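In structure tokens below, several structures.
You will see two complexes here that share subunit A, one where it goes with subunit B and one where it goes with subunit C.
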Partner chain A sequence: MSKRVFFLVPFLVLFGLGVAFYFGLFAAAERGQRVIPDAMVGKPVPNFDLASYRSDQPGLNTADLKGQPQLVNFFASWCVPCLAEHPLISKLAEEEGVIVNGIGYSDTPENIENWLKRHGNPYARVGVDETRRIGVDWGVSGVPETYLVDAEGKIVFKYGGPLTRQVIKEEILPLMKGLSR
Partner chain B sequence: MIAEIGHFALILALMVAVVQGTVPFIAAAKNHMGGMRLASSAAIAQFLCLAVSFAALTHAYVTSDFSLLNVVNNSHSLKPLLYKVAGVWGNHEGSLLLWVLTLTLFGLLVAVFGRALPPGLKSRTLAVQGLISVGFLIFVLFTSNPFERIPVPPLEGGDLNPLLQDPGLAFHPPMLYLGYVGLSITYSFAVAALIEGKVDAAWARWVRPWALLAWVFLTGGIALGSWWAYYELGWGGFWFWDPVENASFMPWLIATALMHSAIVVEKRDTLKSWTILLAIVGFSMSLIGTFLVRSGVLTSVHAFANDPERGVFILLLLMISIGGSLLIYAWRAPNLQGGGYFKLVSREGALVFNNMLLTVITALVFLFTLAPLIFELFEKQITVGPPMFNFFFVPLTTILVLALGVGPLLAWKRGDWADAKRRLRLALLLTLILTALSAIVVWGRDAYALVGVALAIWLTLAVIVEMAKKAGWPRQSLSGTLRRAIRLPRASWGMTVAHIGVAVVIAGATGASLLTVDKTLSMRPGDRTTIAGFEIEFTGAEEVNGPNYIALRGHYTAYADGQAVSRFEPERRRYIANGQQTTEAAIETHSWYDLYVVIGDQTKNGGYVTRLYHKPLAPWLWLGSILMMLGGILSLTDRRLRVGAPRRAAAPIHQPAE
Partner chain C sequence: MIRHFLIVVTALFFLAQPGGAVQPDEILADPVLEQRARELSKNVRCVVCQNQTIDESEADQARDLRLVVRERLMAGDSDEEVLDYLVYRYGDWVLLRTPVKAETLALWLLPLVLLGIAAASVLFWYRGVSRRAKKPAQALSAEEKARLDALLGEDD
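For the complex of A and B:
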């Protein structure tokens, strides 16, 4: 009989382990929740200074993003979803009075100038990041991508993909309102 | 459309697995031939379903189909093709799919190559495999479906973790999975044998090739992972005792023990319940490894997703499969009759000693790996670092290697201690002389390194002595011994090559960890510095564009005696999609050492942080791993494993030429 109990030992060890793992899982889940979802959110805007698409147009640099909350929108003339969100951005700038800056990503100044001429230019300032160097610093994964920067020049919100009415209504405008107060 | 075919094939596979996991059991109990044959057909069908499913997911990755959530999260259209394919298994869902695909691949192999197996054992083994499949397929389909679509597909994906975009790592997971999952076969064989209540020499002979095959792949997988860490993480280490490394190392240790104990069952008909237990524990360690990676229970660089729902599911799967088999073990194993009697000093005795040491090492690795988790339950935080692992691992391995030199020289049943001593006397003497010579070479570096060097030399010489004994030395002349040595069975050669591989790995590990010289400094273009007799000049750095990253590339030239001998172009890459950085060390490999250069951030004075390493014997780590795998493969091709009756005695010398 005692010999049989001996053969039960592996099972009992496993049982103990199972209990430990079970509680460990919830500790792990708690730990996981403390992680910030996006690396750049909560951090100051990276240092950069970009020229515009034409020398007589205002470019965009780190200092321009201080003083009041504003949006930075990464776009490109080759990007179809950018065109899709363009009317919404124009509306934000014209009707809601939000300052929107554009960064033309992986694109030439000529293409950007033509594109803005054809579809309208809602941007307060435009920088051209032809080499993608600045986009890398911002953590851009693709275009379009929109960042909300507060008055101190800190990134408070990031949205990847074309903006939608819902995101503007439920996320961007309430955040903007909170920041301007 | 293609994604839906993949999804559908996955559901079909689950249905086939349910049949495979139930019908053959009943058929085997009733001795119904047709029902038992169904197991093989089901195993083949299940593999085909999964192959279709896997091909569908691969297609989605290659064509960058961003309407699949899984592809969006883990791919990017700019990614090179190799990493688009590797991206399939570079994430939780896809890697699980690969896991199940591998599982069914082994089911297919048993179905096709297991013609000689008794129908009862074969169908029960495949049925156990089917049950494992059921569990994992449910997990994939209900909690981790890789074919999930999203309503608004974005234009671009989030890219694969750049650390994983590397040729070494592209093949690391499939290789490791072949090993992990290969152990499912020995597990299924063990459970089937417990159900049948019969474990004999024939059983051991059927199980051993599978254990060997899994071991070969595990060795390769671990070596690839270690190689990757060595050149990609940029600080020249090759083993960090990270929880997930340990999760692959523990099954390897158990598989090593299993390979050896199965020999005892085969030749001497004893150690049965122990061997069965090892077969169960080996696969259990693989499952626990999967659990540790997937659940985020232990914090590790490898964790994919912290999702308690998935964690609880895997835990449940773990408890049912391992717990169930251990209960059957507790019920059936006491009835297994041990056969042969043996003296302490004998081949069996030596193999038992080997098993004891390997099991103790595994148990300690296990405890130390889980220590942070156990302490966390009592609201305490601890971290267990490499020094604590080395504290027990190095001495225990030393004993293991010392004994490894002697063990193969002992005969079955009753070994001749005096004969072994006589034969090893010269090897011991030579070891001392060669170690003393190496002491002069590495004088003033690290005294412990000499222990490693001595062990490697000792093992190599002892292996040669054993080979010579088998080939008839000293009764035969030198040429006669050589001629006979060539004609020894491949299993003997396999053992010899694998054991020499162990010696080479020990030498490599010693060199790469204890004898390394390193230097960290800031270098400006034109600066020169010296390391281990080489003069290194930094000629400049530039920014270069890769397909999906921007890199800082440094240019260094190494001079020996004023002559330029090699150039180095280490990189620091910054990936466009998520801004993550990776280091690409530049390594120049020579037969006796590696020169290793890493470029870091720019410093205030216009220089670049540069790290230089001279790592003696480091390339031997990979060479030794290859030798170990080669040994396993040689052993696998031995005709005694393929055909023929089990032999009671040790291999006779006059084996017919192959």
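For the complex of A and C:
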């Protein structure tokens, strides 16, 4: 009898693997999410220096991201989810006093200027990454993406996709609070 | 005439190679570097389409990484340094062939371990079967013989 049970083991193992793979495959798909690489979390902000959308506006570079914790938000005028999160980002900047910087990704200075004119500009500084080359150095895989940088200029958190009230309340604000202490 | 034509056309099909997604403006002037770029691109994941290589994908972000691969090669990087540059920014995930290291050892060795277990199981099972087959047949007991005779005798 005990020997018979032994023969069931491979089938049970196979079944278990099948179940695990099934959920691994479809769990992410059901959430409508793809893998968002976060290899840059824990590393210093890459070296970059981007001009703003207009020469009389402050651009964004590596040195700007030192001194106090702040957010860097990759956005684009052609990006619908960016428009969806824009009111939340404005609220973060205006009501919570969080410094938010923007990097216009794969977009022209003119389009970014018009977009910010129409929807409001909550960003302390804006850099324009028209060629997406700086996006590669940040490990960006699409827009919107939001990075939290500490006072030493180290990336401590990354969120891919449009920000939600929940992410802001449960992750970003507590992290900001912990960093500014 | 037609036969020659068909042979030539068929031969041309064999000459054709998949062009990938590389655009003419991306190609490096140095054919050796370009070849290295193509080979490296076949092991780099497109961060948007995720199951395509940057060599196959026409996504903007795949083009970005193809350009970065070429930029690093032009700067004199070795093949490994080019991949390290991408892994630093996107993690091991960006490589389609997972590197063998401490964290990925289970991934690489588990199939071999499972195969070993399967082979051992088959071996044990096979030895059991052949041992049973080798056992000499036992003679019938007197009682069994009497019963057999009775059954065989029924036909008469």
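Heads up, the rule we're going with is that the second predicted complex is superposed on the first by the 144 of 181 C-alpha atoms of A that agree within 3 Å, B and C clash if a C-alpha of one lies under 4 Å from a C-alpha of the other, contacts with A are read in each partner's own complex, and residues count from 1 in each chain.
Everything below uses one rule, namely that a contact is a pair of C-beta atoms (placed from the backbone, for glycine too) under 8 Å apart; a residue touches a chain by one contact, two chains touch by 3 or more.
If you're wondering where the values come from, they're calculated on a predicted model, not measured in any experiment.
A.B. asks: By residue count, is subunit A touched more by subunit B or by subunit C?
C.D. replies: The partner with more contacted residues on subunit A is B.
A.B. asks: With both complexes superposed on chain A, which partner does A:Gly161 reach: first (subunit B), second (subunit C), both or neither?
C.D. replies: So A:Gly161 only meets subunit B here.
A.B. asks: One more residue to check, A:Phe26. First (subunit B), second (subunit C), both or neither?
C.D. replies: first
A.B. asks: For A:Gly18, using the defined touch cut-off, is the partner it touches subunit B, subunit C, both, or neither? Pick first, second, both or neither.
C.D. replies: First partner only.
A.B. asks: Tell me the contact category for A:Asp137 with respect to subunit B and subunit C: first, second, both or neither.
C.D. replies: A:Asp137: touches subunit B and subunit C.
A.B. asks: For A:Pro10, is the partner it touches subunit B (first), subunit C (second), both, or none of the two (neither)?
C.D. replies: After superposition on chain A, A:Pro10 lies in contact with both partners, subunit B and subunit C.
A.B. asks: Name the residues of subunit A shared by its contacts with subunit B and its contacts with subunit C.
C.D. replies: On subunit A, the overlap between the subunit B and subunit C contacts is residues 10, 39-40, 131-133, 135-139, 141-142.
A.B. asks: Quick check on the complex: what are the subunit B residues that touch subunit A?
C.D. replies: 76, 152, 154-159, 273, 277, 280-281, 284, 291, 295-299, 306-308, 311-312, 315, 318-319, 322-323, 326-327, 329-330, 333-334, 370, 373-374, 376-377, 545, 550, 574-579
A.B. asks: Subunit A touches which residues of subunit C in the complex?
C.D. replies: 47-48, 50, 60-61, 64-65, 67-68, 87-91, 93-94, 117-118, 121
A.B. asks: In the complex formed with subunit B, which residues of subunit A make contact?
C.D. replies: 3-4, 7-8, 10-11, 14-15, 17-18, 20-29, 31-32, 39-40, 79-81, 131-133, 135-143, 160-161
A.B. asks: In the complex formed with subunit C, which residues of subunit A make contact?
C.D. replies: Those residues of subunit A that touch subunit C are 10, 34-35, 37-40, 43, 46, 106, 131-133, 135-139, 141-142.
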